[in-house]
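Across the two complexes that follow, chain A remains constant while its partner is chain B and subsequently chain C.
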Partner chain A sequence: MAEETPKIKVTIDNITVEVDPGTTILEAARKIGGDVTPPAMCFYSKLEGSGGKCRTCLVEVSKGSEKDPRPMPKLMASCRTGVMDGMEVKNITSPRVLEARKGVVEMLLINHPLDCPVCDQAGECHLQDLSYEHGTEGTRYEFDRRTFEKEDIGDYISLHMTRCILCYRCVYTANQVAEGDREHGILERGDKAEISTLLGKNLKNDFIGNVIDVCPVGALTDKTFRFKNRVWFTKPMNAHRDCSNPKCCGKVRLWMRGDEVFRVTARKDEWGEVEDWICNECRFEKKETKDWVIEGPANISRHSVISQGHYVNTVDQPVVIDKVIGKNPKLLLDIHDESDVNKPNVRLSEISGPAHSDDFEKKDK
Partner chain B sequence: MKLLLEHAHVEGIRYYDTYRKHGGYRSVEKALKMTPDEIVEEVKTSGLRGRGGAGFPTGMKWSFLAKPEGVPRHLVCNADESEPGTFKDRYLMEFIPHLLIEGLIVSSYALGSNMTYIYIRGEYSWIDPILEEAIAEAKNNGWLGKNIQGSGFDCEIYVQRGAGAYICGEETALLESLEGKRGNPRIKPPFPAVKGVWGRPTVVNNVETLAAVVPIINNGGAEYAKIGVGRSTGTKLMSACGNINKPGVYEIDMTISVEEFIFSDQYCGGIPNGKKLKACIPGGSSVPILPANLLLKTAKGETRLMNYESMSDGGFQTGSMIGSGGFIVFDEDQCVVRHTMSLAHFYNHESCGQCSPCREGTGWMYKILKNIEYGKGKMSDIDLLWDIQGKIEGNTICPLGDAAAWPVAAAIRHFRDEFEWHVLNPEESQTRNFGLAHYADPLPVLAGDA
Partner chain C sequence: MEKLTNKSVAVDRSPMTFGERIYVPAIMKGLSITVGHIFKKKATVKYPEQKRPFSPVFRGLHILNRDEEGRERCTACGLCALACPAEAITMEAAERKPGEEHMYREEKYAAKYEINMLRCIFCGYCEEACPKDAIYLSETLMPTHYERKTMIYKKQDLLIPHPKKQEGQ
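== the complex of A and B ==
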């Protein structure tokens, strides 16, 4: 047996974890989970070379390592910075980080069309989550938003370049997962840069459908699902089939309503990353329940809009705030404990007409 | 004091025979009798600092080069020179190309590079054949190829032209482009010294840096270090332009004052038409602009000198940087807002678009500056610009983000009144230029601008 390499210690927002050498700050933070994990819009652990681009995961390294305790002068992209033994990192405890992150979110949004009401990604969009959690309420941008000429990239995938945040994930996916002809890439530069295909060719590699799953926004969506439903009206179910493609795992997530399969995607982990790639046939062609062995409801984050409606199998991120600040947080008001609304002494459904404040008063006292 | 351009104006110096007659390739003869490490030591002793912009000590950079067994190493010469205001490398390559080739051979020997590249800006299309010819001449005379001068050292130099992107001057974008890929800067670490072109250890140096190796080897590092002052040793090429009587490339030793450089007849020859000096960008478009008072004297009241330390005295609050040596002078009639707008346009156009703050922020700043310049600005826009530049600076993959932020920050820091004037006088700001002293000529309309 190979000798076990010694673990190294890193402290993120006052919480210490032990990780293997070579781990990045982001991966270490993911081991802790919850609020101390920086948001990542471009990094994808399964795609080599990804990360470093969106800058949402910037953190402050307040102590370089035990050996060299000097702080790093610049904020660092946690997804591409390796941990050192004794390193101390500040994420949500650094005002500098929060300010910079607010700036990054604003930059990502100034040219975003915000057409969520007609975007198929809405409800599972990482940019929506990001702006909700880290953005500001308004915009200071007063100019026309960027537009692009529409490009048709084939029968399966629909490209809305205006929504793209240029995270490059689809480019790495096309190169690494859907290898073969290099048909998918980025043209132009700067704010004119756009995802495109070689000479307007349609994308037809067997695994190219995976670019839809890696895309954090609605820039690449499934044409066979287009406008068919909102994701939060569908229920994700784990399913599998014996796929004849040797490179395809055949393990998928069906997005169903009743017995109808609206969409097939790869299974994703708690960080929104694909667990195993699937082929185009599984994704686009198998839309009947009889094509699949259904295993049961998939896990879904409790904070996701998809979990609304008493969905079972919801998962939650750990609560870490007490460890970050070193004591239990004192909430100004816990509405669940304090509000009488949550403690009516009558069953509200038995009252005729609308409820009145008297109905909540603890008359029995 | 001239070390690099000493013979630049000798008739025929572009060609091998004349160059050789004036002492050319002596440094190669001398270097091949030394060990590579001795050369690196000599360069360290010389105190030479990189002339590409950042001023990193060259000897130290060379000593960082990883030397794993059996892996080839490369030297890459950065001749992308696209920083607005900088044109010193062009001058050197065009008039005295053998000096660069000579420096490259010595440096390649010191670093163990058998395959050395010159990555040249695509727009320098007429210089590419000049270099190719110089390389062919050097090879015909036994200074390149196999077993150079019987030393057992092999070296080839290849010239690669860029395709018109400023960002490919950033060393890691340059390496990507050299590999035939899209010129996106890489995320560091790993640094080129460990993983450079094709994943091999690589040193990237500026044209002028590599040319300076020739006098260092000829005269010895200690002699070179005697020229200049403090950590600014040797001579520096400055490309001077703007409102001066004698624009051009000057080799200076770094002890002269800024005032002497602008006003003496030996250098820029003063400001034409009896105008007054308003401001100057001393080291290429990326470095902070300085108003005349802070340019000639530091905040402490000392005479500002043309060198690394003095130019950056006072940090960005009251100082600037010698940068790449692109010296741009503004007379009293020039409009700082318009100038800042055109720089913002440049950085917006040249951003590679990889990281969000630079991709989005540069365009945003340009649009706001355009509004202010064309009389549609608001007072709050000035604070907004300040905030945006702060959100870009330090938060990007490569220094282009900083380079886009600094000029905007410096313009607002030192010339806020001029921005406010544009907001308060929308009519006039559309038709007239604004100088600190008085209003001048109607604005020329830029092609493509509304």
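== the complex of A and C ==
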């Protein structure tokens, strides 16, 4: 029997927590939760070796440890710094950290196109949240943003390299989740670095769809959901199915509107990380309600735009007007007679890619 | 009972004085107020001939804007529909195909865009929410309709005319 390793104490923003040795500051802060937790754009607790790239999780270590109480001279990346016994960390209580984080956000946004109105990630984008909470209003950058030629990486995933912040999460996902069957990676160096497949290969591993979920920005998005609906107009529902793939858990989140399934993603926890990986079949090919056993509405933070208009625990009032007046009330206008939007017989979710102008022309006939 | 406020005044039921009883001075006082109004500035205007200027923040009928080259500005981001408290705005987005660059400004555009004028309350939140300067509330008054179904305004009803093409083309 291995001896139980003694827990060590770490104080983050004057809140003390006991953790196992070898934990990073970020994970210790996540145990406390709330505002104390530094934001993270590249660190992903389920991906080994991730972190240390985006620098948004910088914290000030004001006391190194009980044995060596000197403060660390520079701000440390909390996702890569292990805790020591008696360590004291300042996150939101340190003006240095807040100032540095502002700078990091400004740097991340230098080359970001800010095309949120077009981007499908808007509403669940970590960079949006980060710049809203920690960034400044304007930019001081006066030069042209970097642009890339658009690359087709398959029928399921669309790549927008201009939006990428080079967090490497998708690279680790392909290595670790998709059994090292990796067709994409970072080409070039420095400001020319880009995610790309070497010479136009398709991403076709069974688990490669998970790169969509791990991408903190809209660089990798679901092509089967592309432009079909905004995230906040769809309702997230937890669902599961018996997936034939033994490595796939089959537990997903459906993004529905009415009884249409617009998008399937993995379930995400409070830190925006997936709970379990799902396979491409579940993600891209099961777009019908009858494929799934729906468990109920997913829990969404009420501060998120996704929760707008999604009421839970509502009770439908019984309609008794027909009994009172003895007949059904005359409907003066059925909106579907006149409206072209959301026609009951037209299912946008069943088109394989984004809708085009001719898709609508066909429907009009 | 204790009074809730001290605003209530007891009615004066004392017998009228001689001046009040002869009635004519009160009539003269009332008529002088009436006649005095003839010489004051009129509060009304003769509407169809004469129109009052709109306030700069007036919110009238919606328009969908185009840019200088006549491309539609709207990218169907859904923020107007999100901001709309009456849930009057609905849309369906589509991807721009090669060859349609002269019609739509961004790679995504609103294939269908509708405002249900039966629901709209002209609050102007859609104009405030729009990140692309695409929707504006103009200074045109909302016209009246005989039927409900003509109150569903489609994209072609809302778009401003193309700046380079002749109207009606």
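Just so it is clear, the second predicted complex is superposed on the first by the 304 of 365 C-alpha atoms of A that agree within 3 Å, B and C clash if a C-alpha of one lies under 4 Å from a C-alpha of the other, contacts with A are read in each partner's own complex, and residues count from 1 in each chain.
Just so we're on the same page, contacts are C-beta pairs under 8 Å (C-beta built on N, C-alpha and C of every residue); 3 or more make two chains touch, one makes a residue touch a chain.
This structure is a prediction, so every number in the text was calculated from the model and none was measured.
Novice: Where does A:Ala122 make contact in the superposed view: on chain B (first), on chain C (second), on both, or on neither?
Specialist: In the superposition, A:Ala122 contacts chain C only.
Novice: Applying the touch criterion given at the start, work out whether A:Arg230 contacts chain B, chain C, both or neither, answering first, second, both or neither.
Specialist: Only chain C; A:Arg230 stays clear of chain B.
Novice: Considering only touches as defined above, state whether A:Gln308 meets chain B (first), chain C (second), both or neither.
Specialist: Touch partner of A:Gln308: chain C, not chain B.
Novice: Is A:Lys74 touching anything from chain B or chain C once the two structures are fitted on A? First, second, both or neither.
Specialist: Once the two structures are laid over each other on A, A:Lys74 reaches chain B alone.
Novice: Can you pull the chain A residues that chain B and chain C both touch?
Specialist: The answer is that chain A has no such residue.
Novice: Where on chain A does chain C make contact in their complex?
Specialist: Touching chain C: residues 115-118, 122, 226-230, 232-233, 305, 308, 332-333, 335, 337-342, 348, 353-360 of chain A.
Novice: Could you please specify the touching residues of chain B with respect to chain A in the complex?
Specialist: Result: residues 165, 167, 182, 187, 348-357, 359-364, 367, 384, 390-391, 394-397 of chain B touch chain A.
Novice: What residues of chain C sit close enough to touch chain A in their complex?
Specialist: Those in contact with chain A are residues 75-79, 81-82, 90-95, 97, 100, 106-108, 111-112, 114, 116, 118, 131-132, 148-149, 152, 154.
Novice: Provide the residue numbers of chain A that touch chain B in the complex, in ascending order.
Specialist: For chain A paired with chain B, touching residues are 51-56, 58, 74-75, 77, 80, 100, 103-104, 106-108, 110-111, 140-141, 143, 165-166, 168, 185-186, 188-193.
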